[in-house]
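Chain naming follows the written order as A, B, C and D, and within any one chain the residues start at number 1.
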Amino acid sequence: MPFTYRRTLHFRDTDAAGVVFFANYLALCHEAYEESLLAAGLKLADLFGTDDLLVPIARSEAEYLRPLKVGDGVRVEVRPEALSANSFAVHYEVYRSGSPEKLAARVRTEHVCTSPRLRERVPLPPALAAWVRQG
Amino acid sequence: MPFTYRRTLHFRDTDAAGVVFFANYLALCHEAYEESLLAAGLKLADLFGTDDLLVPIARSEAEYLRPLKVGDGVRVEVRPEALSANSFAVHYEVYRSGSPEKLAARVRTEHVCTSPRLRERVPLPPALAAWVRQG
Amino acid sequence: MPFTYRRTLHFRDTDAAGVVFFANYLALCHEAYEESLLAAGLKLADLFGTDDLLVPIARSEAEYLRPLKVGDGVRVEVRPEALSANSFAVHYEVYRSGSPEKLAARVRTEHVCTSPRLRERVPLPPALAAWVRQG
Amino acid sequence: MPFTYRRTLHFRDTDAAGVVFFANYLALCHEAYEESLLAAGLKLADLFGTDDLLVPIARSEAEYLRPLKVGDGVRVEVRPEALSANSFAVHYEVYRSGSPEKLAARVRTEHVCTSPRLRERVPLPPALAAWVRQG
């Protein structure tokens, strides 16, 4: 069972074309990723705010299938995938609530563990590696 | 009892100083305002997306009392206040979760009902007026 | 010669990890796209704000090659590419200023002309088609 | 002569109501503040990214006088004002380009110099104090 994140879309997510701005689908998926990490007991500040570890996104891909509007409910499914000792991918499916629910976007991000201090790639810390395997 | 909106703070809310960007406290309060309207059964797209009605914010004030970090939980209390037939204010208190919970910001916005078509101020639509009175 | 957009990176572009938030690379490229359209004499409000035409992004891909910080200057090169009578792609290269300048990201977006009123794909309007050919 | 910052408004600045989102007027003014500091030779990363100095905003006030649309040009005037050894205010006037130019918003922010390490207010660093006096 993938982790699921739900929320309502707000004015802040949209632009003057009347629908959610394309870059905000990615921001929404990142929220879902953070909520999934928090739900697994990981502390975001420890994971990403230190000089020993940064987990930047190296690549993103998104297919925008349906427009999303202010007030729409969305459900985001989050599925991590191991890539190597130092990297992982996350797959997201964004569903617009309704009867029936509709797939609105597919997003994929690639993440690489690096040490700002050592200036090189480092293995995933154990708690993050466990989160990836769980997916 | 004021309407209460809760959520976790995300990377998207913060900036390189390590805490939530000051303008995003206002965006957070606007989310709480939208959620309060939705909870009262109002449709955001009908209220703000037509040529007959726009409810722009004419004024905002904010006191930033404590920094907020990625992963912090917040609770926003929303209290509308009637100002005139055409306008209302909304008062927000943003609390950072914890034991004890701490007041992190006080925000106030002023809203004016206007008709883009008529190019003048118009009375609040009944559903919005009822929401203001409820507060 | 591709169109070039330059600006400084601001706190608003960054997050608590200390660098530009990944989704904001896409927002930055969209700014460059809008500036390129404006420089060619197209009016954004006419192009994207009517019931007759919407040009949503159907797909995006991004490679994030280097972190970008507050105060960094960036230069974005914009290269449109025709795909069909109804669609086009835009290629972006984001360079971080310095001696030497460094490639910080490669982004690609795919755009589809649609008519919200007709609920179907429509050919690019002539001014937009001319902008794509110019690229 | 106050410092002046100019740019075009983008889709990212707007929301589904068709105009610039109210919190983004504040983000725009903060950009102008950053550009003013950079123009005076201050390094943003040194000023705001260290454990010895943080200059958070303690208060903001904004009057939104006119809507701003995608493609509009704006000019922001920045005027700092000394408040105490530890604090200063910045006054902003946002003008929408055109013939004639129109005042679109008045914004004021209050900034307090603090040391995260010492957990107390500290005097403005000399370069920042000089920038405030210049205003």
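Keep this in mind: a residue touches a chain if its C-beta (ideal position, glycine included) is under 8 Å from a C-beta of that chain, and two chains touch if they have at least 3 such contacts.
The structure presented is a predicted model; accordingly, all values stated were derived computationally and were not measured.
**Q** Which chain has its C-alpha centroid farthest away from the centroid of chain C?
**A** B
**Q** If you average the CA atoms of chain A and of chain C, how many Å lie between those two points?
**A** So the centroids are 22 Å from each other.
**Q** Approximately how many whole Å separate the CA-defined centres of chain A and chain D?
**A** The mean C-alpha positions of chain A and chain D differ by 31 Å.
**Q** Which residues does chain A have that touch at least 2 chains other than itself?
**A** Only 11-12, 16-19, 21, 23, 27, 30, 45, 48-49, 69-70 qualify.
**Q** Drawing the touching chains as a network, do you get a line, a ring, a star, a complete graph or other?
**A** complete
**Q** Within their complex, state which residues of chain D touch chain C.
**A** 7-8, 10-12, 18, 27, 30-31, 34-35, 38, 43-45, 48-49, 69-71
**Q** Spell out the part of chain C that touches chain A in their complex, as residue ranges.
**A** 16-17, 19, 21-24, 26-27, 30, 45, 48-49, 54, 56-64, 67, 109
**Q** What residues of chain C sit close enough to touch chain B in their complex?
**A** Against chain B, chain C makes touches at 11-12, 14-19, 21, 23, 69-70.
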